[in-house]
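Both of the next two complexes hold chain A, though its partner changes from chain B to chain C.
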Partner chain A sequence: MSEYLETTIDKFIFRVATDRLYTPEGVWALLEGNRVRIGLTDYQQQLNGDVAFVHLKPVGTKFAAGDELAEMETIKATVSFFSPVSGTLIEVNPDLELSPEVINQDPYGKGWLAVIESARWEVDRAKLIDAKAYLEWMRSQAEQELKK
Partner chain B sequence: MSIPNQQTDIAILGGGPGGYVAALSAAQRGARVTLIEKNQVGGTCLNVGCIPTKVLTTSTELLLRCKRASEFGLSIPQVGVDLPRLMNYKQSTVDQLVGGVEQLLKAQRVNLVRGEGRIISPDRLLVDDGQGGKQEVSAKQIILAPGSVTAEPPIPGRDLPGVVTSTGALHIDAVPASLIVIGGGVIGLEFACIYEALGSKVTILEMAPSILPVGTDEVIAKRLQIILRRRGMLIHTGITVERIERTGESLQVSATGASGEQVFQGERVLVATGRWPNTQAMGFDEIGLQMNGRAIAVDDRLATNLPSVLAVGDAVGGWMLAHKAMVDGRVAAENATGGKRRIDYRSVPNVIFTRPEVASVGLTEAEARSEGAEVKVSQFPFSANPRARILGETDGLVRLVCEAGSGRVLGAHLMGPHATDLIAEAALAVQTGATADDLAWTTHAHPTLPEAMLEAALGFRDAAIHTHSR
Partner chain C sequence: MSSRTATYHTTVEWKGEHWGHLVMGNGPEYEFSAPPDAHGHAGVFTPEDAYVAAANTCVMMMFIWAAERFKLKLLSYECRTEGTKLIELDRTEIFTQLCFMPKIRVAANGESAEVVEARVRRALQAAQKYSLVANSVKSEIVVKPEILIEE
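Our next item is the complex of A and B:
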């Protein structure tokens, strides 16, 4: 089971899992052997609202870190997400087609997006931030959003 | 006994949308016209195609909306289907429209000859009324408009009771508990949605890797597949039907896919594997008419290889759509009366009356790219359109394919409420070479569904107002 950092901003509670790394855009990367499981943060799912559709690139696609991985359509917005790591897409979450709400319900667990076979984890990880750093960054983002 | 002979300027074989429009259009241009039709005027479209299926989609959509009455602040305690009255409504709608076409033909003094026609020379047809009466029609020009017939794939068991084509599926005397639809194209999906709404458990078997494999934007085809699956339809793609057998009360369809043979059970089976040009047994071979496979070969003015013979509609192949046939009819009528018009299919829309509806015109993103165009696709979801929200129909999106730089609209692909109506604006844009800016600076009334088109056009310059992308 993952452990979480938690922060409350206005009336919203946001959680950040401590066992993985993050991009500032709110994509998490969890190393599993030489594979990296990827998903969206709790903050991203709350910010964008109920997920209606997720379009992931097809299995077999090769990514450089920063390439577009997924486009997500929610009731509020269409949001693109970018791969945190380089490598080959080997698995996409099969539940997203019929039950995309798993992203909202369990962003760090059942709502994962994809698994990438990592080509150069050590290089890519250097550009990722840990849970504490993401929490701080996310707080500043969320406070700006609230001011809008 | 000599066969009576009738002289005319233009004889038209087939009174469907291609033929009757050609007849009316040629008559408007002053020609004496004889139209030969073996059944009712209106062809497949009016009698056993577009029109009766749209009666069924309309009634079944109303049924579903009534079931959602409480969402709209209404109370409708009991909602049900009255199949005999639904069938009457369907038939009376068809009869009214057939009557309307007959009236128009009469008003334009088109001579309607009932019977099976056969071309016996490039300027003569023989018509057999099926009751021993025969007559010849001699014409300066002949327009062939024989339409299409249901494709007959070689599937063993196709003739079993309970296995129907689209024509049979129009007649519903009882709602089957389960329906297996062979073919995930336009016809199969429209009937799938009709029977689903009536309460049948629907399974779709499609040979291609995706439903709507021909001519539909991939993103939209995939999205529709997801929506139908989320509603509970079973959709199997990449699967080839081997045979149909009866097992007790139900029909059993065996099909082979990547994972070997699978068996599906259903009370009824609909074979919806497309249509073929109707070009057999009308004397085409005998007079040396050049064919293109099953279709009649025509040039870009719809002329055949025989100097006085033109051909239109489903029989010339390509898109088998009533509105395409109607355009053909007008082009052929003009060219048979001294005109020199070329066919122009750039703005032929394709419309699919599924739930939600799907419509497209022009090039898909993949087609545009394969033609070497640099394109930008902008899209807008109906979930962000106020009118769609009010209607409670927020599934779907507009995808606008524009030439990068100029913004010229190359294609539009829609899924959503009234997509089949909304496509008209995009068709005009494609036909006239309008740009995304032209659409974006055309004021669209608020709150209406066409605002989704406006927003997609704004999206070309990343300037959509009522949605945001990150």
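Our next item is the complex of A and C:
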């Protein structure tokens, strides 16, 4: 069971799971043995709106950290997300085909995107940030958004 | 002005008795009155109709947008919306509910009817959630859709 940091910005509450690492762009990476489960943060799912479709690269695709992993079409935007780690895509979330709204409903749980067999976790993890750092980064991003 | 805000305007002018003239910010002009049951005139624009119409038109436009985003092949959309007015004990009045009754026809377009209907329902939820007007009113919003998926 994940624990969360929580912050309120304007009238919105955002949660950040403490058991995983993050890219500043709002992709999380959770190490499970030599595999890394990947998903989007609560902030990203709220920022982009209700998800209509998610297009993931096919199983077997090899990634370098920073390669495009997924394109997400929401009611308001089409956005790309990039892999936080290097490795081979070995599993995609089967629920996303018919129920992509799980990303909105449970971004840190049932709304995961994919699992990558990590090629060099120790190298990649050095470029990721922990929950506390992501929370601060996300807060500054959200505050900038509000000032636009 | 912040890029997160926008302003819309209308102008009204009293034309004597229970008549007014309305100029919409987007161009059209209407004579208006109150409804006959509120000391107004039949056959013209009223604030009550305008309130219900604002919600109905806004939700429809948002549904059309949502249908495009959800890649639905929309064949037709028609929606009667009823606003329920309550006269309070102190004689103030409020629209307590807006009931939307959309009739929606969508082509299956090679997908199963269940999958398409689920997407239509999500598009309807999104239309309500993202409609500026529906999101701004304090009336309860009820949606009673009739959805037909055609081969």
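Here is the rule we use: the second predicted complex is superposed on the first by the 148 of 148 C-alpha atoms of A that agree within 3 Å, B and C clash if a C-alpha of one lies under 4 Å from a C-alpha of the other, contacts with A are read in each partner's own complex, and residues count from 1 in each chain.
Note that a residue touches a chain if its C-beta (ideal position, glycine included) is under 8 Å from a C-beta of that chain, and two chains touch if they have at least 3 such contacts.
Predicted, not measured: the structure shown is a model, and the values here were computed from it.
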Superposed partners chain B and chain C on chain A - clash or fit: clash
First (chain B), second (chain C), both or neither touched by A:98: both
Touched partner set for A:52, first chain B, second chain C, both or neither: both
Partner chain(s) touched by A:126 [first = chain B, second = chain C, both, neither]: neither
Partner chain(s) touched by A:79 [first = chain B, second = chain C, both, neither]: first
On chain A, positions contacted by chain B and by chain C: 52-53, 73, 75-76, 98
Chain C-facing residues of chain A, complex: 49-50, 52-53, 73-76, 98, 101, 146-148
Residues on chain A engaged by chain B in the complex (per definition of touch): 48, 52-53, 55, 73, 75-80, 97-98
Complex contacts: residues of chain C adjacent to chain A: 2-4, 65-66, 69-71, 115, 118, 122, 125-126, 129-130
In the complex with chain A, residue positions of chain B that touch it: 219, 223, 226, 229-230, 379, 381, 383, 394, 397, 467-470
